[in-house]
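Shared between the two complexes below is subunit A, which pairs with subunit B and subunit C, respectively.
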Partner chain A sequence: MTLKYAWFPGCWVAYRMPYVEKSDRLVMERFGIEIEEMKGATCCPEAQFMEAVDRRAWLTLAARNISIAEGMGRDILTPCPGCYETLKMARGILKEDEEMAGIVGEALKKIGVVYRGTSDTTHLAGVLYDKVGIEAIRKAIVRPLTGLRVAVHYGCHLLRPSKYLDFDDPTSPRKLDELVEATGAVSVNYMRKTMCCGGPAGVVDREIGIKILREKLYWIKKAKVDAIVVACPSCYMHMDGNQPYVEEMFEEKYSIPVLWYTELLNWAMGVDPKDLKFYHRVRIDPLLEKLGLT
Partner chain B sequence: MSEAVVERKVLQELEEDIQRLVEIYELERKAAFCYQCGTCSGSCPVFMAEPEYNPRKMIMSLASGTWQSFINSEVAWLCAMCHTCLERCPQRIEVSEILTEVRNILARRGILPDIIAEKLRRVMERGMSAPYSKLIDKRRARYGLPPAPVFDAEAAKLVFDIFAVNHVLAAKKAREGGGSP
Partner chain C sequence: MAELLSIAKLMSKVPEIKAIIGDQKPEYCYQCAKCTSGCTAAKVVPEYKPHEIVAAVKMGMIEEIMKSGILWACSECWKCSEYCPQDVAPVEVVLALKNIAVKMGYRPPEALVEMVKNAIETGYMQGIMEVMTNEFEFVDRDSLGLPKLERPPNMEQRRAALMRFFGVVMK
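Coming up: the complex of A and B.
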């Protein structure tokens, strides 16, 4: 079985977090997922500014991106839940909303783009779970992360709105937990598991973003975990990068490492954590020591 | 969060737009079934941190024509777009969708936060919303990655022209140039 996709890294992964792309690519190579770059794409575009400012422009740019993958005869694969949400939603909306499809169709005609709606979009975690499968991943584990307790954070854009997205059950998702548990780690349940991390609100008002994050961290800490595992660049940046500010504002101690889910998979598949060169604001050395990975 | 003082003339223009939105979403009928259970607000991560952002009240005020209360600030832009309210409303009111449409209406009158405007400008300049870096390919090479994708800013600009997205930035500038702090 060959899995071939049009690769849409999204601008945050490509320009801000090369370590995420590196880690994801290693996993894709390991499981024979072939990717080809999409040439001439634009921002997906991000819903928070584009859907919120002009839904027509948001859908038109998304449809244009999808049309590039159509030209390649492939579905789109992205490491970013934000891109996944936008591209997946756009295809769904254009299928069901005739009036909007008409407006977008007119705009696309003006810029010389033919959109058919034939290319779907998936997030890498979905391909790993649905196509590669937990069994194959389990077989690739050479260094089980036994004893590691993690809090899996799904973030919003893999799950909602479930009217358009089909990654997993929006209220009781399991796929990311199972991917993580394939490494031998334990995914611990906690309050507010499917709640937003506060990242997007923090973009507009920093203090509000920090307060929302504190709510997440409060319950995660109660679950006594060694780390938080995420699959979203925005959650990664907010939960890792802003943790010291939560500690400052609330005079509480958290220091819970935030890990990218394929970072964990790579560790368990024998990749040296140092070779992945992730940037972590919350130090992960104590964790690596505990796992005997230093 | 900065206050947005909305002039009377703009409020009148907004009135028409919002009335149309209420009709499109049949909000008068739908809100009649809203029993104010507050599931939307209780599920809202932003409401938890900032009670001024109250989806339950916002939806009701749209349906009852008293929306001016939350439109006189940029509070509508705090929505994290997590869509939990949309998932959980027992009366199936499309809360986050409707509030997104409200922001479309506000944007056309130039009522939007600076960071949202900056992201629009980034898309026009580089075709992407993340900040551009000249050094990115060097940095990627250290990870053994190919050069970063070049996004098509021209295409983005053409689409912005078609829908007059530039007008959003001009309207914001005009509104803020008025001298109000």
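Coming up: the complex of A and C.
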């Protein structure tokens, strides 16, 4: 079975977190997932901003991106839950809402684009779990991360709205936990596990974003974990980059490292953490030392 | 007293609204408040209660909600849509109201206007940033061995096709 997809990194991963794409690509190469770039793709665009301001423009831009994959005869694969949400939802909405499909079709005609709705969208974690499989991943582990306790944070848009998205159960997901546990780490349960990290809210109102993040960190700290594991670039940036501001606002200490899920897979598959070139605002050196990876 | 504005009245005021907001059924809500119990924003913004927003919409107090600016507290985590036993999905009502508010000339938060502008001008919502690793090394797609990404063609035409949706926001 060959797995071939049209690759849609999205703006965050492509230009602000290229190390995430590097890490994901290493895992895709390892498991024979073939990808090809989508020429001329733009921002998906992000629903929290574009759908909120104009739903028609949101769907038009999404349909244009999907049409590129249609021209390649492939489904879309993305590392970003935001892109996954937008592209998969847009296809679902345009299938059921004829009036909207008409408006979008009219706008696309002006730039010479035809949208057919033939390409679906998947998040990489979904392909790893559903197509590659936990067994194959477990077999590839050469350096089990035994003793590592992590809090898995799904983020919202890998899961919801389940009316359009089908990655996992929208309120009690398991797939990302199992991917992480394949490395030998333990996924610890905690309160507010499927709650939002506050990233999108923080873009609109910084204080709200920081307060929501504190709510998450408070419960994660109680679970006594070594790290948080995420599969969303926006959650990564917010949970890692804004922890110092939570500590400042609430006069509490957290400093919980935030890891990308394929970063963890790569460590367990023998890749040197330094070669992945990640940036972690919350330093991960003590963690690497504990795992003997320095 | 100000005139109350129902969704039906709005449709005559802003004719394209039905197409923009899709199918909304706030009248199915029986105020169980399950949405608010699971709401991310409500945990830190006590005055934000999705079931009350839906109730206010049913009463025709749409303009009052828009004026208050409370809509923008929703983080769009979509939990309410999973919990709602009546298929109302308050987040969809809130999204519809955000869209209507913009069409009626209420300016969205500046960060959002900025991102919409970026998307129209450059194709991307987020600007390209300099990225540094923990070893204080500057990296980009090129230095990490990632393929160059091709920008979209016909940006001018694209801009024109999009601007007709955004008249009010971009002024």
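Following the convention adopted for this analysis, the second predicted complex is superposed on the first by the 294 of 294 C-alpha atoms of A that agree within 3 Å, B and C clash if a C-alpha of one lies under 4 Å from a C-alpha of the other, contacts with A are read in each partner's own complex, and residues count from 1 in each chain.
Here is the rule we go by: a residue touches a chain if its C-beta (ideal position, glycine included) is under 8 Å from a C-beta of that chain, and two chains touch if they have at least 3 such contacts.
Quantities reported herein were computed from a predicted structural model and do not represent experimental measurements.
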Fill in the blank from the handout: So, after the overlay on subunit A, do subunit B and subunit C clash or fit? They clash
Exercise for the section: Could you tell me if A:V203 is touching subunit B, subunit C, both of them or neither one (first, second, both, neither)? Expected result: both
Practice task
May I ask you to decide whether A:T60 touches subunit B, subunit C, both, or neither, giving the answer as first, second, both or neither?
Solution key: both
Exercise for the section: Answer with first, second, both or neither: which of subunit B and subunit C does A:K211 touch in the superposed model? Expected result: both
Practice task
State whether A:M100 touches subunit B only (first), subunit C only (second), both chains, or neither.
Solution key: second
Handout entry: Partner chain(s) touched by A:H280 [first = subunit B, second = subunit C, both, neither]
Key = second
Problem - Touching both subunit C and subunit B, counted on subunit A across the two superposed complexes - result: 9, 11-12, 14-16, 18-19, 21-22, 25, 37, 39-43, 45-57, 60-61, 107, 110-111, 156, 160-163, 170-171, 194-196, 198, 200-201, 203-205, 208, 211-212, 215, 277
Problem - Residue numbers on subunit B that touch subunit A, as the complex places them - result: 1, 45-46, 48-50, 74, 77-84, 86-87, 96-97, 100-101, 103-104, 107, 112-113, 115-116, 119-120, 123, 127-133, 136, 139-140, 142-146, 148-149, 151-153, 155-156, 158-160, 162-163, 165, 168
Practice task
Report the residues of subunit A in contact with subunit C in the complex, numbered from low to high.
Solution key: 9, 11-12, 14-19, 21-22, 25, 37, 39-43, 45-57, 60-61, 93, 97, 99-100, 103, 107-108, 110-112, 156-157, 160-163, 170-171, 194-196, 198, 200-201, 203-205, 208, 211-212, 215, 274, 277-280, 283-284
Fill in the blank from the handout: Listed in rising order, the residues of subunit C that touch subunit A in the complex are 18-22, 40-41, 43-45, 72-79, 81-82, 89, 91, 95, 98-99, 102, 108-109, 111-113, 115-116, 118-119, 123-129, 131-135, 137, 139-141, 144-147, 149-154, 157-158, 160-162, 164-166, 169
Problem - Complex contacts: residues of subunit A adjacent to subunit B - result: 9, 11-12, 14-16, 18-19, 21-22, 25, 37-43, 45-57, 60-61, 64, 107, 110-111, 156, 160-163, 170-171, 194-196, 198-201, 203-205, 207-208, 211-212, 215, 277
